[in-house]
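Listed after this line are the structures, all set down as structure tokens.
After this come two complexes, each holding chain A, first together with chain B and then together with chain C.
And then the complex of A and B:
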């Protein structure tokens, strides 16, 4: 309760300093007069009045969150297999490129929102461990010409490795469960924590993380602007926001092939592999409802990020948006 | 993942806005139906316990057989009643206490015994999704719901041999390609003694009876619980099984 009030006040303060775009104006500012014990009720009533999209369907905002939860609850067990089947393994490349663009250094703290089954976090840990090994090797390499005494003095302390930590935050417990199982089977015992949380209201203090990522999750959030504002809040100054998401394909030939594939093949794959046509129908429809690269870039800038850029992969099928909190 | 597949008669409010001819209907193009046939066939072969895939295969390939069944039902007075009244066989519609109180040898009592011995429930049938005609979708659903009753009528348990025998009967009766496929591929998973039993006695019995029996979908079973099983078999022109199979070893491959 207190956290949401704080959030509201901060949001009001921030928005009074910046021009409000049409997207942000969707948030009901009449709640300014509802500050007090009734504010949460005010906001929830408003949520039921307003409608939003669930794929190509129109639903109330309160219902959207519930239905998205159900979708991911149903697909959690087969999520990774389906990703490989639908993208023919290419999603792994997209995520690898995200990590290379991120180029995290040992000691970095990552918040992986909508991180579900942990793909980004596991890659992050691999990457920083690799970086750490390289640094160690370089350090020991530079001490080759010294005496044995000096070498043993200079050996990097094994007991104080720079601790990189990844926090996987997801609203869906089933997805986190699958992620934890994967971590166990991969033998990852430290470096990752699993937190249940809503991207629109993160359970973390301000200025906590070096990097915030959200991979293929932000289009499922009901209020994308709120999620962006929360990302801004929890990042340290100098921190980086990175978002991997399906976006608009500009080339018309590729676009029609992509559409045909999305609507004809993907739901069938969903039915055969996961036994769930409708969830995958929702997923391909939600991609079409998500703003395009430029519009999303504008939304990120409105949240306060600077130096916002985007990179298209696979002809625009996926876009990586990046911004900094300065 | 079979998730929570309800086959309620009422529309799930969440998907009522989808353009479907009946609750649970998913519109598909011919291309998608072909993909579904191939995909579900492969999935069902890899894992025969994926009943949802067997169901999907049946739906995508069964159009002609369903039309044929509909004609047979329309031409039969009791079948016609079923098409108009659309009864459903579910735990919520069955009066289990009444059925338990019926005498041994009555259809209702034997059906209940079958459910208990084999530890199955009538509520585990997948809903129909890919049949593009509302009446045919009901016939498909009725066929699925009658399947357990067939087990009782034929005296077959739910182990692999029993299921294959029932599939042979259904293939001869309905002509559904999925039944024919199950009839052909099912025996591949049987050991040699069961295969022998199938080919020498059970199989021919199932095929013959499937061909000569009255259309099993045309019987209003819900009104015949008190009828004796023997009586019902005679009416349907089904001989009792040549071999008594036990329900004890369930799911034996």
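And then the complex of A and C:
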């Protein structure tokens, strides 16, 4: 039994190895030659001269931004369906766990960067509304001995200062359009605002938000450190930075299964459902290029955040990084 | 025969209810409905109203100074730098590269000093 299992694992590893070695070979010689030019460049050079990765390709930084924009422009309409298909619906659980870890209270202000279709923001609003109702119920329950007048007087006082709001910021107009349509169809009229903005240059003043989230978006940002610095800037002191992102799977068996699934199944799904093989090829490649849990934790600490920790979900497929601005 | 008709009616309504309660399908169904609605909005030539509460949080990404909302051109204006950010479909576009340089013949005499 163990022998046949080992055979199966070995065959799977060979399968994924075949697709990965060709890609890995590209990575090794490309990363070698792009290290040279980037280290010799100084600050003031144009973005066209500095090179970075776009999936397993090497491109200039300006080009990366453009190509990432195109990817999401193409996939915007089918984005939510593809998420469900690729993760078999598990992405909903990941986002729910993010909300529970966040535990926002009524009156909190959320900035959802790379929020696109609004998954996190809608969950945020549901959560705070539920919390608000719970608080109201508790308040009226405890004040049963008061007169009716006192109870009804309490209500308007509670509602006004507890205005929670979510701002969805994304660099891509198409994704925001889809998100706004979803909000309209769900009947959400207030509480969510939509802004087109660059995560590296946020159009918000300092010390504005209680919570900053970026779910499955930061690996697409050209300068991750810049985005982290901006996150630090716009958060209030005591604010929380939370980042959900695909990360490194530690278990080798799971890793080879995951790689096989990523490179064999996901682009095919992309072609069948969204009619776009290349975009989904980029998406799975970009996951491999993103730093692992510890390295990303170091980057967040460098940006100034304290008490940085990460939680692995699904064996490390997804990691939730959290830090505080203190 | 009446029983057959009634049972078919019930089945149809149950099916509709099931469709309504199933969340994923709602998005695709109401997606088409929403586009019809927005068609009607576009007919009036009125953009979906810009959420002015956003003005409290929005600043120019370059200078981090507050912006002025211009209802005529539906833009957010940074007078200091002389640029205007467009608002499309009620969503302000705060990407600096997409901002419009204000012409020198507007009321603000200060020239943009970049």
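Basically, the second predicted complex is superposed on the first by the 266 of 326 C-alpha atoms of A that agree within 3 Å, B and C clash if a C-alpha of one lies under 4 Å from a C-alpha of the other, contacts with A are read in each partner's own complex, and residues count from 1 in each chain.
One rule holds for everything that comes next: contacts are C-beta pairs under 8 Å (C-beta built on N, C-alpha and C of every residue); 3 or more make two chains touch, one makes a residue touch a chain.
Predicted model only: the values in this text are computed from it and were never measured.
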Is the arrangement of chain B and chain C around the shared chain A a clash or a fit after superposition? fit
Just to be sure I read the superposition right, which of the two partners does A:194 touch: chain B = first, chain C = second, or both, or neither? second
Touch check for A:74: first (chain B), second (chain C), both, or neither? first
When the two structures are overlaid on chain A, which partner does A:272 contact: first (chain B), second (chain C), both, or neither? first
Using the touch criterion from the header, give the chain among chain B and chain C with more contacted residues in chain A. C
Quick one: is A:180 in contact with chain B, with chain C, with both, or with neither? Answer first, second, both or neither. second
Shortest CA-CA distance between chain B and chain C [superposed frame, angstrom]: 14
Please give the residue numbers of chain A that touch chain C in the complex, ascending. 80-81, 84, 165, 167, 171, 173, 176-177, 180-182, 184-185, 193-198, 201-206, 208
Would you pull the chain C residues touching chain A in the complex into a rising list? 24, 26-27, 30-31, 33-35, 37-38, 51, 53-54, 57-62, 64, 66, 88-96
Quick check: in the complex, which residue numbers of chain B touch chain A? 1-3, 14-15, 17-18, 26, 29, 31-32, 35-36, 39-40, 42-43, 50, 52-53, 56, 129
In the complex formed with chain B, which residues of chain A make contact? 57, 67, 74-75, 77-78, 264-265, 267-269, 271-278
